[in-house]
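Chain IDs A, B, C, D and E follow the sequence of writing; residue 1 opens each chain.
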């Protein structure tokens, strides 16, 4: 067992003839928090989706916890169940109530008993502070609450690593805080995390490293300190100046 | 108007000897409902399967599904019934054909098959657009949690799609009921056929068709009412179908 | 397997099939679609008008027609139209209505209920501001409708109207129950006369399929073009 | 004198609409050029000539309207057709709805079946599927016989005669119940005429055919009766009968070979619209 | 002929049980420019739509050029044709090209000949500086251009008065100027105008009076000078402080 949780090695991907990802290489160590940022359309979402094989890629290698994702023989559903993922639009299942959202995959994928799954689900729900809402349906919750349930849902699976794709960008400003708080706690407890976000406050607070992407390339891959104080590329400088204006 | 109304005719014996003309019409209604129900079971199962296949990434399956839908919806139902009733038995080996033809209630089975396949193409189209109208993220989220494609459809996509599809499914079911009347051309004694034979036996055209019309209207109201109840029973608080999730996004 | 089939029967009868049968079917489809769309538009406008009585009347009509099987409606009109004609023209005897007229009236009135639902959606999809702007320029209700709202509604609903017309084209085969010589009627007369059921019904199916399929491809093309514009 | 009813309508519109059949061989049917021809059509044209003369309208337009067994009575009742020239059995029930001109043919309700199918008489049909034409007297007779004799038949209804015959031809039904002369015409035009046989026993006595005219219109009926009667009593009538029943007829030139019976000749000599079969003995 | 172009006298309006306009009274003199402002939902749009009877009202009187709008016997289409109106979302007719947009109502409502209508249309199009675009369809124009065409369309009818309902608020900032310029010119040429807008620069430049509305009431009705320098009500002061921050 190496200390590298995610290894991305010279990964390239095309949509038809459009080259979305170009020779990307990076890694996320166990317990590390890596923030990915960059302008819209630069390939951040695509990259993070490649990590748990939600998107196939044509070239390069990718390992999670030493399991080769690029290998056709790999049991992808099993691998994915060990990687938590949180989406921009929450993607809770609207026809299931909160408890059912939390337990479905535990039962169907991990084969846990109902009681076991429920216990675990309620524990995670408590962790994001929403125990009181356990019988509600997603449509009855605010955006911030939905996103916290989505995080709890991912945590129920006892993931080795958590992926976040702009978890706060679909939220009204007053709800961003409650979601970031949960994520900061997670990071502090030692969860390995790869987070696409423009919340530089979050990056400053808990990131170990920051990756900056532009036009499908990883342009910058630096420690948080280096990235904010001495970005190397012009594009990153430009991007930072725009983002930090707010 | 040069027409002699005679509502009393409804209570007179029909020459079939199985009761009054009214009972004859009611037996037509029951054939209508039985045929429609059986055809619907076929249409719904097949339509669901084919609709799902058309949303899968497999190119070959999709092509086959598309071809199926195009084939069954671009030939008039009446012609399709003729193909099943008159043509197919001639194309299969002789003894099998003869067996099909001598089957009791052959027109019932033919109607169920022909109507079922015809409607299945329309159901498949609804299922496909229903699944595709779901936010892509739902499928991604399910996949990301380790659910297999089958599980994703079984537990996530179909339960949502079916809820969203209930109103269009109601009208497709009503269409199935109405379309059974086309099967009178292959001898199915459903409601319209019964009204027609009542007219032929008794010459009271308007009484016969008025009662049939009323029976269709009542059927329609009852089905609509039941489906509303079903809609309410399976509705999810805070979830108004696709439109609601579209607002969130 | 087709060795004992006689596909020559098609060659022998195709002039009759197309000159008598298909021309009836296509004329009926075309005219019924036109008048159905016009009537449907009027019904849609009634349903959206501010007069409750008109709304109710139109809604009642649409719901009634949509609950009935087309076959039944065809019978109804075939027998009833002469009386309706007598009543409308207040003549002393039932009006003489030919098979074609009867079919045309039936399909126009029947499909109008379906077209009206499409047009209602189309009219509702025109932003309210358009009506306000037209009214603010001094236009009257009919001018607003004719020059501003309906052209936009027609344009956005054109694919659906055409798709419904393809359905109508297929539905016209049901005049078979009245022994009218439409395309299917012609095919089945030849089939019965020459005992060539298999060949003729297969051929009829093929012809309906090709026409409907090509037409629906064209509609898809149009839809794509409208989506771009 | 003042014209009323159908005559008035004919006068005013300058048209008479004739309801005809599309496949009642040899009474009223389409030939290979899609023209309506037949024995009943020929008689009808003589009647139309009579009407022309009576109304003094040499240029009266004749409009043809196809009817089926099922549609002919409603269409006559609602005024779509003025005169129906086909193969319509004149019976008491129908006389409540429409009137008839003088009878021009007598035929009994029999059935056709495939040779070698083991059918010998009505009793041997027990439990089988039979077909008859929707709206015909025959379907009513077989329906009633089914109840009365407990035959346990499945009775299909065909849209028209060829469809009924087809059911037997393709094995969908064991027998097609119809007026025997129509059956003879259908067998004559079949691909394999030798395969079929018409039953000996019948579901009815020989019943008269007549052309339907609107009910309660004595003036019109009088004109029709007179014109038809004149033809019936003339030698031309037997020639006409021979033309359709003893000589080759279109489209395929088959010969029905059914010389006029004594009863029919009697009916020609004394034209009548009596619906009672026994009165023709 | 009085010198009052618009007289609003104790006008009240309800949507069901909701009282949108409460006893509003004011007037616009011939040649005067009146700006209406106030918080969202205060009833500004409703009021201006009442002026040309696009919205019915239940109580009070309203005269345009001495014609009683509240009188059921008044020929409303004719009256409306003499009042130009410009909407927030332009509302050009998308299926007609610019020239047809300009001439349709002239021909159908005023009964002008095609040539006459075309001449007048092109003159007005020239006035808003868009002659080059006369054959384009609305969808091919930018928002600012569309709004200028909409103004030209209204002017073609030779209106006695022009009503504007937030004519610039749906525009990208860089296009606001070009529309305001046209409106300023109009004002300077002596057009009577009633303008709902939050563009205080415009108000400062050309308004004679400013009306401030809140919760369906006309709270303040003052000369431009008084309104900006010594607003009377607290609500107006609050509103101004917010608006002028920008």
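A few notes on this one:
Quick note on the criterion: a contact is a pair of C-beta atoms (placed from the backbone, for glycine too) under 8 Å apart; a residue touches a chain by one contact, two chains touch by 3 or more.
Keep in mind that this is a model prediction, so the values were computed, not measured.
Least step count on the touch graph, chain D to chain E: 2.
With centres computed as the average of Cα coordinates, no chain lies farther from chain A than D. Using the mean of the Cα atoms as each chain's centre, the chain most removed from chain E is D. Measuring from the average of all protein CA coordinates, the nearest chain centre is that of C. Computed from the mean C-alpha positions, the centre of chain A lies at a distance of 46 Å from the centre of chain B.
Centre-to-centre separation of chain C and chain D, using mean CA positions: 36 Å. One finds 55 Å separating the Cα centroids of chain B and chain E.
Looking at chain D, residues 74, 78-79, 159, 166, 170 sit in touch with two or more other chains.
Within chain E, contacts with two or more other chains are made by no residue at all. For chain C, residues touching at least two other chains, in rising order: 79-80, 83, 86, 93-94, 176-177, 197. In summary, the structure contains touching chain pairs A-B, B-C, B-D, C-D, C-E. Across the complex, chain C meets chain D through its residues 16, 20, 78-83, 86, 93-99, 176-181, 189, 192-195, 197. Interface residues of chain D facing chain B in the complex, by the touch rule stated above, are 69-70, 73-74, 77-79, 93-94, 96-97, 129, 131, 134-136, 139-140, 143-144, 146-148, 154, 156-159, 166, 170-172, 214. Those residues of chain D that touch chain C in the complex are listed here as 5, 9, 13, 15, 17, 22-23, 30, 34, 63, 65-68, 71, 74-75, 78-80, 159-160, 162-163, 165-166, 169-170, 189-191, 251. The touching residues of chain B, when paired with chain C in their complex, are 1-3, 70-71, 73-80, 82-83, 86-87, 90-91, 174, 178-182, 184-185, 192, 195-196, 205-206, 209, 212-213, 216-217, 220. Within the complex formed with chain A, the chain B residues making contact are 135, 137-138, 140-148, 151, 155-156, 159-160, 163, 236-240, 244-245, 248-249.
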